[in-house]
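Next up: the structures, one after another.
You will see two complexes here that share chain A, one where it goes with chain B and one where it goes with chain C.
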Partner chain A sequence: MKNSLKFRVGFPLLIVAIVIPMIFPFIWMFMSAFKTQVDIISWPPKFLFSPTLVNFNKVFNEQNFLLYLKNSIIVGVAAVFVSLLLGLPAAYSIARFKQKRLSMMILVARLMPGISFLMPWYIVFSRLGLMDSYTALILSHILIALPVVVWIMSSYFESVPMEMEESAMVDGATQQRAFVSIILPLSVPGIVTATTLSFIFSWNNFMFSQVLSMEKTRTLPIAVYNFMSYAEVDWGGVMAATVAIMTPAIILTMVFQKYVVKGLTMGAVKG
Partner chain B sequence: MKRILAVLLIVSLSFVVFAQGASEAPAKQQEIRVLLANHPYGELLKPLIPEFEAQSGIKVNYESLQESQLTQKLTTEFATGSSTVDVFMTRPLQEGLLFIKNGWYGSLAKYDFGDYPAASVDLGRKDGVPYIVPLVIEWQVMYYRKDLFKKAGVKVPTNFVELEAAAKALTKDGVAGFGSRGKGAAAVTQISSFIYNFGGNYLENNVAVFDSPEALEGFRYYGRLLGNYGPQGIASMSWENLMPVFQAGKLAMWTDASVFLGQVVDPTKTNIPAEDIGVAQLPAGPNGDSPFIVTSWGMAMSSKSKNPDAALQFLNWATSKELAVKGMLANIPMSRDSAWANDTVRKNMNAELIATQAHAAKNGYPLDRPFMSAVGQARDLIGEVIVEAIDTKGTSTRLPALATEKAKAVNELLKADGEYGGK
Partner chain C sequence: MIKSGFFERNLKYLFPLPALLFVLLLMVFPVLYTLFVSFTDWTLTSGRPMKFAGLGSYLKIMGEPRFLDAVGRTFYFTIGAVLAEAVLGTTIALVLNREFRGKNTLKFILLLPLVATPVAVGIVFNLFYDPTIGFLNYILSVLGLPQSGWVTASSTVLPSLMLVDIWQWTPMISLIVLAGLAGLSNEPYESAKVDGATSVQTFVHITLPMVMPTILTAIILRAVDALKTYDIIYAMTGGGPGYSSETLNILAYKFSFEYFNMGQASSILVFLFFIVLLFSIGVTKIRKLFEL
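Right, the complex of A and B next:
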């Protein structure tokens, strides 16, 4: 059946039909980033136009985009790093000792609307003189990253057979040693997934950065709004900025997606 | 036992952290924090701030934000009582009442308001104390395509009957005859002049009256115009959707605030040659000729400012006569009377625009939305009436009932804030 003509023609067509509506906004965004304002607004829409780099010039030269990029990277990397440091042992403990209540509490922290954290945070951080500091932003982004790490990893650890740890412990390792030397290396694919996802969530976060950052620590999603002012929207600038922001996230996903899939097929069960 | 120890450890650790925070020295002297909006006037100020710093010896830390972000940030900072803001840009009609009520604005009794229209200052006044310096004004105008009018042999409409006829005549060849905001809450400000011109209003003595027969006629007329002659999808369009349609040449008349003229005629942003674009005052209605003319932006001081003298000094500079003239020359219509009297300004500004301003200043109404603390919610409620009117092209039979229902809801909001009835 797989080789029937109907299938060979129909399946690719079906894929195209599904993919186009999904990918069209991205294509449109990408094209608009290279258009002048006049081309962007022209009707009927132009698919052939002479591309311009004006918008990217605005993004990287007139705006302090490299600073915002640096801020986003620092905050994202640090928040994910701390989350892994705390979250991996936590997830392991939840998986091994069936601490369901603890894991629910962590999930609740993620499910609560982020805005309910903002006020207390603002009070605490401003009293501590931490406003416009990376510390405040990193701490707030841990709230985004940590539950992701814990939830992905606890179910991952559960799937690692208990026998492997037990045999390590028979050989004289402590449970901590078994976790670090046996379980963690086996869980790399899961860790990569958790890292990628939590980094992207932090990268895209808008609300926390908006209130807790100021000029010096402003992150990328906030910076997109630099192109929107009262009674004026610079669509070209917005699109170029969005392209610049999305590119690292897309590359990251594409690179690690392969890795994750490969890791999963190798499977921990084989061991 | 272990648990108690752990709790003790956490408590003692957090003490260390908090103690550090408390011992932090107070802000250095003569340093202020300023929040600006992403607004042409903010852009105008930014490069000049170093001049002010050199002149006054005050260090200015400024930040510039998109307006809804600005409001959210200010609200968060003030509500938690830990704000470090000294001076900020503010929207008197959108957040003024709420901020005044919460005591977030600092008193400006020492500021010289002699050069401002009294009505614009009074909106930011409570119990005789002024709190907001009016900065930028805007009023409703009608942008139109001179070339299309000529081709269709239509004259610029001066009343609502002519406006409807013109809209009808100009709707052809893929061009929509008339456009104005149709997206619920956003449309509230733009339909306001239509309602005034039919003799209606949103609030009277702080009671919702937009279900009156006059106001309903306004809703119906607006709905009929947009439903019949508006661009496709008008009920979900705000200015950011309509402007591109006008710039692309697919709209013959567009009523909105005066602030858009600069972008409409900018050759890098529009397909239409500037000489084909005209600006006219909003046509008169059967019971009035009062386009809105409002103070869209003001500047204020925080009541929590630790440096009120430096803050006032900055405010005086940032709202000075000289800068107002600079603003006018950068196409920003300023609140100061003297800026409009300036000769250089009059020579350089679009004459049609000056004429519409003169008309609005003389006949206009100083509000474009229900003036109340819960203005955002009220706009959503009124917006539903507008969308219903547009969707049915003004013919809806349930419009009166809907308007009455929403007016009741707005009255509830007024009551909840203790603003219902009287001043």
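Right, the complex of A and C next:
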């Protein structure tokens, strides 16, 4: 049946039917980023055109996108780093001591609508003079990254056999020592998964930065949105900005593909 | 081993303590505060101090047509989008559940929508949807169909937004179901083959029941996020035209950060949280039924 003519023709067609709608928005975005305004508004839409860098020049030289890029990286890296520090031991404890209640808490954190803590933060951070500060932004992004780290790492630690630290403890090491020197090195694949995924989530976050950041700490998603709202007709510039924000996430995904798939499907499959 | 230190004896509690304190300080307290504010009539703009209002804010919000419309839209959006994603996503997973050349590349393509920044995705789709220069109206005109206003018309704005959600998150369901299918044991299939079952019978009686728990989990994960969809709606329409794409999360944002009506905003949020909670409990119960 596998080699029947129907299958050999039908299956590739099916694959094409899946791939094209999936990838076409990206292709169109990249193409539009290299088009002049005239080419973008031409009707019928143009597939062949002479590419221009004018839009990228606008985004990086006239707009402050290098600053926003830097902000996004600072906030993402710091938030992920703190989340690993806080989340790895917590995940280990959930995995080894069967702390059901703790993992429930993480689940509830996922259910909460973000605005329900944003509103109190807005009030507190403005009184403390922390609006538009990295501190406020990083704290908020930890709340995005931490549940991801705990969620992924607790099921990862569960898959590491208990004998690993037991044999080290027989040799006289404490459990915390065994965790640091034996379990963590064994868990690098899980840590890579958690790091990549939580960084991408922080990178893509819109709502928290929208409320807590202004000119100085503005991250890329807000910058792209603002650019769109005042340059509404400048589609080329706006598309160049969306290319700038999506490319790093796409490259990360390309490099860590296996890990990203694992992270996104983890927990759901095991049930 | 007998004489272990204080740290080691209490590892169970000490290890999660920093994370717990953080969550307590930055999530639990703020949420309790929001709950508290929902029982007041506090607005930031009036300059009046907070006053206890009992269920006042809730009653006011319930009598607000914008709120009731937003509740309906939130459900419409979530149910429509997630159902389509579940059907499409599972179908795609079943198609891909075999070995073929380029499978890894295809999985990479499936990942792209998932990692793409939602705000940027919304903006790209706005270009597609543009009534005068957009690609979609071009296709409609080539096919000889009437052109659509997409997100600029209140009759089509919600389905258009749902389409973006479906585009972005169908691959998530596919990947989860694909991982679930990969974990199925081979035995039932072999005995079905021996019994001479047709491929449709095998699918209905073996594959579907076995992956159903996975599909339902994927649906919960998706629906919890879909109920709270914010980024693409805010970026593409800001809740408009008029109020015609305002969902609960958008409404809550506007009440807090545009009208600074903290009391009513909080009651919307408490309401939204309970919907999400009830929904997850409900689906988890259904899932348990399947596992029995």
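By our rule, the second predicted complex is superposed on the first by the 237 of 271 C-alpha atoms of A that agree within 3 Å, B and C clash if a C-alpha of one lies under 4 Å from a C-alpha of the other, contacts with A are read in each partner's own complex, and residues count from 1 in each chain.
Here, contacts are C-beta pairs under 8 Å (C-beta built on N, C-alpha and C of every residue); 3 or more make two chains touch, one makes a residue touch a chain.
Only a predicted model underlies this, so the values are computations on that prediction, with no experimental measurement involved.
Look at chain A after the overlay: chain B and chain C clash there. Contacts of A:192 after superposition: neither chain B nor chain C is touched. Once the two complexes are overlaid on the shared chain, A:37 sits against chain B while remaining clear of chain C.
By the touch criterion defined above, A:211 reaches both chain B and chain C.
Legend: residue contacts after superposition of the two complexes on their common chain; A:143 is shown touching chain C, with no touch to chain B. Once the two structures are superposed, chain B and chain C can be ranked by residues of chain A touched, with C on top. In the superposition on chain A, A:129 contacts chain B only, with no contact to chain C. In the superposed pair of complexes, A:19 makes contact with chain C only, with no contact to chain B. Residue contacts after overlaying the shared chain place A:119 against chain B and chain C alike. Of the two partner chains, chain B is the only one touched by A:226; chain C is not. By the document's definition of touching, neither partner reaches A:67: not chain B, not chain C.
Put simply, chain A uses residues 40-43, 118-119, 122, 211, 225, 228 to touch chain B in one complex and chain C in the other.
Residues 1, 4-5, 7-8, 11-13, 15-16, 18-20, 22-23, 26-27, 29-31, 33-34, 37, 92, 95-96, 100, 102, 104, 106-121, 123-128, 132-133, 135, 138, 142, 167, 171-172, 175-176, 178-180, 183, 213-214, 217-218, 221, 224, 228, 230-231, 234-235, 249, 252-253, 256-257, 262, 265-266, 269-270, 272-273, 276-277, 280, 291 of chain C are the ones that touch chain A when the two sit in their complex. Across the complex, chain A meets chain B through its residues 36-38, 40-43, 118-119, 122-123, 126-131, 210-211, 214-215, 222, 225-226, 228-233. Residue ranges of chain A in contact with chain C, taken from their complex: 11, 14-15, 18-19, 21-23, 25-26, 28-29, 32, 40-45, 85-87, 89-90, 92-94, 97, 99, 102, 105, 109-122, 139-140, 142-143, 146, 150, 169, 174-176, 200, 203-204, 206-207, 211, 220-221, 224-225, 228, 235, 238-239, 241-242, 245-246, 249-250, 252-254, 257, 260-261, 264-265, 267-269, 271. Looking at the complex, you find that chain B touches chain A at residues 17-18, 20-22, 24, 37-40, 42-43, 61-67, 69, 72-73, 76-77, 79-84, 239-240, 244-245, 247-250, 257, 259-260, 263, 268-271, 296-297.
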